[in-house]
Each structure stands twice: as structure tokens, then as C-alpha cells.
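Heads up, there are several structures right after this.
Below are two complexes that have subunit A in common, paired first with subunit B and then with subunit C.
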Partner chain A sequence: MSEDRQIRILYVAGALGFMAFSLGPILYMALTAASRRPDFLSRASGLEFTLAHFIAVAGTPSLHFLDNLRNSIVVSGCASALCVAVAAPAAYAIARLRLPGRAFFLLCVLAVSMFPPVSLVSYLFKVMGALDWINTYRALVLPYTAWILPLSLWILTGYFAQVPVDLDRAALVDGCSGLGVLRKVVIPVAAPGIFSTALLAFILAFNEFLFALMLTTDHAARTVPVGIALFEGLHGEIPWGVVMAAATLTTVPVVLLTLVFQRRIVQGLTRGAVKG
Partner chain B sequence: MRLSFSGVSKTFPSGRGRVGALRDVDLAVGEGEFFVLLGPSGCGKSTVLNLAAGLVRPTSGEIRFGDRVVASPDRKIFVPPPERNVAMVFQSYALYPHLDVFENIAFPLRVAGAKKPGIDRVVTEAARTLGIGDLLRVRPAELSGGQRQRVAIARAIVRKPALFLLDEPLSNLDAGFRASTRVELKRLQRELGITTVYVTHDQTEAMSLGDRIALLRDGRIEQTGTPRDLYERPESPFAATFIGQAPMNLLDVSVLEEGGEFRVRLGEMELTLPPDQARNVRTLGSRALLLGIRPEDVRIGAGTSANRVAGTVSAVESLGREELVHVLAGGSTVSVFSRGASFREGDAVTIDIPMEAAHFFRNDGAEGG
Partner chain C sequence: MDRSPGELLRGYAFLLPLALFLAAFVLVPIGGTFVGSLMRDVTFLPERFAGAENYRALLSDPGFAQALRFTVLFTAASVPLELLLGLAVALLLAHPSRARGALRACVLIPWAIPAAVSGKVFQLVYNYNYGLANYLMNAMGVVDRPVNWLGTSTGAFLSLVLADAWKTTPFVAIILLAGLSGIPGHLYLQAQIDRAGYLRRFTRITLPLLSTVLLIALLFRTIDALRVFDLMFVLTGGGPGGSTTSLSLYGYNYFLGGDFGYGSAVSVVLFLIALGLSLLYLRVGRFARELP
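Right after this comes the complex of A and B.
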């Protein structure tokens, strides 16, 4: 067997193995959701296809699944937009200006993001209680923004640093103001980086559990991860089929977002900016 | 528009304290002139350009556009780049990758808030002038180096700038294309009549393009003049070796004076100086001098003048039409252009150094390279 062939086989086997490892749980989730009984792997029950769980999730008002999903999308979307809006100008300044102690500043920002959420949540609960914000969107949007901002700043600084400085200089000579350079040249050129940062921020906020559990009380602001965890069957048993159907539906917005933005993210926009 | 620098210095902060990039530079570029800044890398020529564009602020001195002061730290004046109406072509071209060719060229007009019909007309016109009219909907990533460079030039000219700044615009092109673009650039500049400052490290480019050239070295202006001035009357060994197809030969000589007649001693040989050269040597007032002679002025093999030197061929470079022959004579190597006759290493030859064509410099160890 030629070396090329061996490499190819190892490559494919590795890729398949990794896919099985990553997608296995998701497949199990989807199958459980679509199966009449959750123990579809056992010989006694077997896999019997049904959409009943999906219909139950979407159609049972008392579960508030659709409310939770809307809350999740609104909260994550706001947090993500706010993160990028704040991080982009900051990252541009860090990437371009000769600020003294730039590296130290970035490290401090990173250190702030390292606080474990659990050490903050009780304090946040008190603050939000005092502000009378418990169970509102802003009670989640603000902590999420603060929590994800450092990471966004790091990622965007990297992307902006890759935009050739000559482009800034050309735009300045061509008549742009400092802010114009950022708006008309740097941000469009770094757009793939901005989209991936926004997507990452969205996913992080979308998956967050602890703050959402503590700072919301009902379907007015409760997000999907908490909502699913609090599903309960009629007699206290865990309704696996419904839980899995809800979890499956929850992945849909994230997958859709990724698919929509994927082309923009992959696009090598900086190619051809300067020589080469 | 005239551009003038008076006593401009620029230092940059760095890890080792402040580093001087430019020291006390005086420049005057005339209306419509094609002015070339020539020098080796790191001599500060791009800094001059950036100062003119307003991309860097001078540490001291004064920069004027016509009679208007655009930068003067003493008087706390600094006009930022967007208000200077200059256009710049970067070595990297710096095309906006997210915009197609049309939008790249239109960019300065859009920023200035021009009307759409006007933009269409001006951009199409500029693209046609530069022969890129059929590329208007293409993104920069799909263009060749030469096409990108044309887009960069088109973007620079659409706005009718007061000053046109070019930072080594030809250095990323292949040799053949570079020569033809050079001619075109010169023609374009003549037609537009825009005052132009052009930075290069290539003396051929400088000589063929420039109305005048400023030769820079270590942040100072070494010499300013027309290409002919720099070629025929170099003021320093550095200028002498930097300008010219092959660098000027610089030979260590000592001066002898006997009864009003000046002679120079080169190794074992003594060469007599004609009267006007004797005057030059006297004004230099030093016994140890550098004799500069261009390879194209030295004759090899033939010649019967008194100033003939015997030597041995140490190397031969073929340049196609002619050969550059390196001859070891009187303890130094002299390079000579030779056409017709062919030489080989080890050949015993005589070379003729015509004193009328010689240049003399003080030998203070500050030899250029």
C-alpha cells in the first residue's frame, strides 16, 4: 500500500471517528426525541417513530417552550450585538494605537473573564434584585455582555491586527476621518472575523445556564437551557422524549445561524488587499 | 502646488530610546515637478513621504504646501491627511479588498461626497486612461500585480490631488513591465501636471523619471539636483557610488605638488593632473584623496596617454552589449566598461584613466556603499 493511500485511510478514519464522537450524542438526542419510548435501544421496546414529542413541546402552552426559545434568541442576540459593538472599536484601538501597556491591558481583560460565574452569581442576584430587574431581559443581557466581552475583544484584536495598516493609511489619505477608516474600511475588511465573533458570542450566551437559572423566575425571561432542565412530567418522572425534542428544536436556530454566516466567515476577504 | 520642507526632523520612540529617522531636511519641490527621493533602505525617504501626506507628524521644522503651513510643531499647526488633498500610491498598493475596482477608484470621490453621475464619468475616464476599463467589476484579489498597480494609480488621480506621492510603486513588478510602466508614469505625470514626489531605491528609476533627485542617506539629504548634476557632479563618494549603472571606482590616491604642478600617486604610478583638476584638488586641501572615475570613462587595452596604468583582469561580468571588466591595478580594483574586445581572467591589460573625467573627494573614511 502506498504511503499516500495509508495517509488517506488514516485521515478518513480519523475524521469519521471524530464525527461519531461529536455527533453521536446529537444523533441519540434526535432519535430519543423521535421515538415513542426513550429506551429505544432495548430489545423489548425498539425504535418506533413518532412526532408526538415535538408536537407536545411546541403545542403545550404550560411548557412555555416557545416563550423560552424566544427569550433565548432575544437575550443572546442582544448580548452578541452589544459585545461586538463595544469590542470592535476597542479592539481597533488596541490593534492600531501605540498604547503603553497594551499587552498588560489585554491580560487584565482576560483575567477578568476568568472569574468563575458561580462566584459572581449570588452577588448578581442581589444587584438585580435591588434594581428590580430579576426576570427581565436586561438582567441577562448585561451580565452576558460583561462575561463574553473579553473573549470578543481578544478575537477581534487578532482579526484587526491582520488588516494591513496600509489600508488605514490609504483611507486617511483618501479623505476618511479616523472613525471613517474604521467604518468604511477596517470593519468591512475584517467582516468575517466580526461575524465569527458575533456567532461565538451568540452561542455562548445561548448555552449559558447558571445566570439564567438564578436571574429568571418564569417564562417572561427564562431561557431554553433552564426551561428544559425544569421540564417535569405529570407524576414527577423525567419526560425524556419531550426533553430531547425540546433540545433538538433548540439546536435549530444555532445551526441555521452558522449555516447562514458560514460563507461570510470562510470567505478570505483580506486576500489581495496588498501584494501577494 | 509647491511643497517645501524647512529644517524638518523626525524621531521615533523605540526600545532603545528615540531613533532619528530624519535630521534637518530642507526640500523644495516646484510646481508640477517630478521630484524623486532616492536612497538605500532605511535612509528615511518613506518618512519624507509620510510627512508630506500627514501620516506622521514632524518632531521639528516646518512643512508648507505653497504658502500654507501644513505642519509645524513650533506653531502647533498640523493639518491631518484628509484635509491635505494629496494622493498616495503605496508599495503594497493598499487596494480595498472588499470593494471592486470601480469602487476602489471611486472611494476618494465617495468620501468627498461627489455626485453619482460625476463619479461614474471620472472613474470610467481614469480607468480608460490606465487601460483597466474592462476590469471595473473585478475584486482586487483577482488582479495581477500590474493591474493592481494601475488601480492604485487610478484611485490616486481621480481626485485631482494637489500633490501626488508614490512610495516605490514599481518595486513589486517584474523587470520588463517595470520599464514600460516607468515610461507611462512619466507621460501621465506630464499630462496631469501634478506636483509629484516619488520614492525609490533604484537609481535607474530615479534617473529616468526625475526632473530633480534628492539623494538621502541616514536621514539627511546628501545631494539634490537634476539627474545630470548627480551623475556628472557628485558631491560625495556616497553620491558617486550610488548613481550610475555600475558604481564609480573610488581609488585611494595621495597628492604630490612639485613646482605648481599637481600629480596624484596611485600605487606605483603617478598621474599628472590638468590645470582645472589641479585647482579642484587644491581647494580640497588634503594630501590623501579619493579619486573617483566612472567605469564608462576608463578605457582598457588601448590608449597612449601619459596616464596609463598596467593591471591584470580579475573578473569579467558580461552584460550582453558590453562587459564590465574588473582590473587589479596599483593595489586597487578598477571596473571598466568594455565593448567589442573580450577579456579573460588573468589577462595583462593597461587601463587609461582620463583625468578630465575624474572626481576628487576628501578621504575621510566616510565612503559610501
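Right after this comes the complex of A and C.
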């Protein structure tokens, strides 16, 4: 057997194995959500299809799933927008203005992103308790923004550095102000990068857990991950069908977002981690 | 290019909002946690300065030793596994084929789902009576009795490592893929002309040229694994018997119980470990990147 053929077989086996490993648990989640009973694998009757769990999740106000989802979307959306608004000027200055000390600044910001969240959360809990902010949106939006800023700065700096400096110069010659250059030249050219950053920031904020667990107390601000994690049945037994339906409903938008903007996310991730 | 002080000042003003955000919501809280770790700060008890009391107590606390040991073991088991799997997946993704688009789409999905949600799914996967894991192992004839995944400390450990690998292999793969695409193609062509086999091309070209990116992925993943929280919280609750309590979860449990001083001391230790590693990262990373 030729080497090319061996590699081909290895490739196909690897690709299939990997797809099964990645998608298997997700498929299992969706099937459990759509099955009358969670033990459908080991039952003779097999999967008895039902939409009851989805209807229960969306239609039972006391489960607060839709409240949690709304909180998640609002909090992540605000954090993502704020992140871009704060990181874009800083990235612009670092990439274009050749400020002395910019490399040191970037490295310090990167170091900040590696701090463990648990070493911030108790202090935030106390301060926000004193300000009476616990269980409000801003209690999550502000720390999330700070938390995701380092990555945003790194990604945006990479994108801004790509915009040719001649473009700025031309605009300056034509009588644009510094801010005008940013608004009329740099931002439009770097728009794909800004979009990638906003998308990544949204996903990271959407997935955050520890801050949301500690800084919210009920459905007024609690996010979906915490809502699903704390989901308990009445009698200690976890109502798997309902939990998996909630998990599926959470996963669908995330998966759609990922599939549609796959290229953008990959670009953002690799810029943040490798190329800077 | 000479610039007036005013111009430089305006430049730094662009950095100010970001610096303020980080100071207010990261640096000040870290300082606050450090100060808190020097206090005796238990709900309903008067707060007082305690010096190194909390840290001394850590030294003789078997729960802390267990959490530290678990965190290190979890990192040592999951990170190499994720790097190996990630490398394999990156090679798959780099291979030109018709399925490449579909594979690239698949790779991101586990990464994009909140860990708390996938943790809940894995809790069902590992269910003793009817979970997917036992069903598959039984169907393939690997075991004749169901495995008690979450009820034994070894089983719970393996469950966590596998669930973590599921979630974070994509991230590693995507970073490594960027490294792979940076390797000039003519090197491989030359090697093929020289009749170097696939394995030889891999060990002589791919691995050496990928080493910097591998190191970056290694350090990123190590820091993430050390501070892991949500997976344990959801999948095992730190059990059975506290055997899968990570340092983050251990600290959190003290916050939950109202002992903020002691919980802060635990967090400070974890912070120092992460800081040491990130300084190492910055030293290594300096060679790897060209700053704009």
C-alpha cells in the first residue's frame, strides 16, 4: 500500500472519529430533549419523540429560562459593545501612533488577562454589595468588559496595524482631524476586525460563569449558564428532558452564530493568541 | 518622527479608558483580595487584622492540599492530552480535502457552547444507569458492568479530563492551524523531492517550525486549566468526597460559607501561580511576536 493511500485512510478515519467526538454529545443532548424519557438508549421503546420539554422550558414562567436568556443576551451585548468602544481607541493609539512604551503596555494588559477570576470575585461581591449593585446588569457588564478587554485590545491592535499608514496621511492632508481619521478611514477599513472582536467578546461574555454565579441572585439578572447549572427538580432528581431542552435552546443560537461567522471567529482567535 | 508633548499626551489619552477599566475591575479587586487574605473576615463575626494567620492555616489544611494536588494533576493530565488531540485535529484541518469546510465548522461548536451547559450534558453522558458513555462501552463490549463514572474519584477525574478535552481541543487546534499555515509550502515540496516520508517531514519540518506556537498553546491552556471552575462546579460538584475540587472551587466554597479571609488566601495562592506562569509566557512570547 502506498504512503499516500495510508495517509488518506488515516485522514478519513480521523475526520470521522473527530466529527463523532465533537458532535456526539450535542446530538445526544438534542435527542434527550426531544425524547419522552431520558433513558431512551436502554429502552426497547426507543426514542418516543415529544416537544413537551421544549414547550415546558419556554412556557413555564417559574423556570425563568426566557428571563435568563434575555439577561444573557443583554449583558453579553452590552459588554461586547463596551469592549469594542473602549478597546478600539487604545488599539488605534498603540498600532498607529508609535507611542513610547506601547510594547510594555500590551504585555501588561496580556498578563492581566491571565489572572484567575476567583481572585477578583470576592472583592467585587463586597463592593457591589455595598453599592447595592448585586443582581443588576451593570454588576456583570462592567467586570465582563474589563475581563474581555485584554483579548479585544490584542485582536484590534493586529487589525489596526494592517491599515496602511498612507491612508491616514492622505486624510490628514485633506484636512481631517485625528479623530476624523479614526472615524472616517481607520474604522471603516478595520471594520471586519472590529466585527470579529465584538463577536468573540459576545461569546466569551455569554459563556462566563463564576462572576454571574456570585454577582446575581435571581432571574432579574441571572444568565443562562448559571440558570442551567442551578436547575434542580422538585425532588432532587434532575429533570433531564427539561434541562436538555434548555441546553439545546441555548446551544442553537450559539451554534448558528459560530457556523455563520466561522471564518471571523477563527481569525479573531488566532490574532489574539498567536499573531497579536 | 518628532512629536510635541501635547501630541504624545493626546495619544496616551486614547489608552486611558482601557487602563481605568482594568484598574477598577481587575487590579483594585486583586489588591482588595490580597488585603482581605490578611484579615479574619467571617460573616457575623467582627472583622480584624490577622496577618499571616490564614496562610499558616492553609499549610496544615488537608482540604487545601487535596485541591492543590487535584488542580496540578488535572492540569498535567488534560493539557498534554489537549495538545496532542489539538495537533491531530489541526493536521486534519490543514489537509486539503472536500470535507475541510465541514470539519472547520464542527471544530468551533464545542468551544462556543458555555462550559456550564456542556458540563450538564456530560453529567447525563456519564449517568450510571442510562448515560451515553456506559451505553457505548457496553455496546462495544469494553465492559460487562456499567462504570461508576461520577461516583468514584478516579472515574470523576477521568470524566472531567475527557469533558475538558472535548471543550478545549478546538481552541488548541485553531491556534496550531494558524501556526501550520505559516509554514512555507516550498519546504514540503523540497522534502518530497528528496523523498522524505510523511513521518520524516512531520518530525523534521512541521514540529520544529510549530514549536513556538505549541509553546504558546501550552501556556495558555496551562493557565486556563489551573483556574478551572465551572466544569467541576457543574459536572462533579467537586466530589466525590472533595476529590475533584479545584483551587478555584475550593476558594469559592469558602466565600459561599462566609469565610472571606480564608477564601481570599486560597485565591491569592492561585493568583501567584498564574502570575508566575504568565510572566514565563511573556518571556517566551517576546521572541515569538513582532509588535506593530
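Rule of thumb we're sticking to: the second predicted complex is superposed on the first by the 230 of 276 C-alpha atoms of A that agree within 3 Å, B and C clash if a C-alpha of one lies under 4 Å from a C-alpha of the other, contacts with A are read in each partner's own complex, and residues count from 1 in each chain.
Going forward, a residue touches a chain if its C-beta (ideal position, glycine included) is under 8 Å from a C-beta of that chain, and two chains touch if they have at least 3 such contacts.
Quick caveat: nothing in here was measured; it's all calculated off a predicted structure.
By the touch criterion stated above, A:Phe125 is placed in contact with subunit C alone, subunit B being left untouched.
When the shared chain is aligned, subunit B comes close enough to touch A:Gly175, but subunit C does not.
Once the two complexes are laid over each other on the shared chain, residue contacts for A:Asp166 go to subunit B alone; subunit C is not touched. Of the two partner chains, subunit C is the only one touched by A:Ile228; subunit B is not. Touch criterion met: A:Thr250 reaches subunit C, while subunit B stays clear of it.
In the superposed model, A:Phe206 makes contact with subunit C only, not with subunit B. Set against each other, subunit B and subunit C differ in how many residues of subunit A they touch, and the higher count belongs to C. Judged by the touch definition given at the top, the superposed model places A:Val189 against subunit B, while subunit C stays out of reach. Comparing the two interfaces of subunit A, the one with subunit B and the one with subunit C have residues 98, 269-270, 273-275 in common. The residues of subunit A lying in touch with subunit B in their complex are 98, 164, 166-167, 169-177, 180, 184-185, 188-189, 191, 268-275.
Within the complex formed with subunit A, the residues of subunit B that make contact are 13, 53-55, 80-82, 84, 86-88, 90-98, 107-108, 111-112, 139-143, 145, 148, 155, 159, 165, 172. Only residues 3, 7, 11, 14-15, 18-19, 21-26, 28-29, 32, 38-42, 86-87, 89-90, 92-95, 97-100, 102-103, 105-107, 109-112, 114-127, 142-143, 145-147, 149-150, 153, 157-158, 160-161, 178, 203, 206-207, 209-210, 213-214, 224-226, 228-229, 231, 238, 240, 243-244, 247, 250-251, 254-255, 257-259, 262, 265-266, 269-270, 273-276 of subunit A touch subunit C when the two sit together in their complex. Residues 1, 8, 10-12, 14-15, 17-19, 21-22, 24-30, 32-33, 36, 88-89, 92, 95, 97, 99, 102-110, 112-125, 127, 129-130, 132, 135, 166, 170-171, 174-175, 177-179, 197-198, 213, 216-217, 220, 223, 226-227, 229-230, 233-234, 247-248, 251-252, 255, 260, 263-264, 266-268, 270-271, 274-275, 277-279, 281-282, 285-286, 288-289, 291-292 of subunit C are the ones that touch subunit A when the two sit in their complex.
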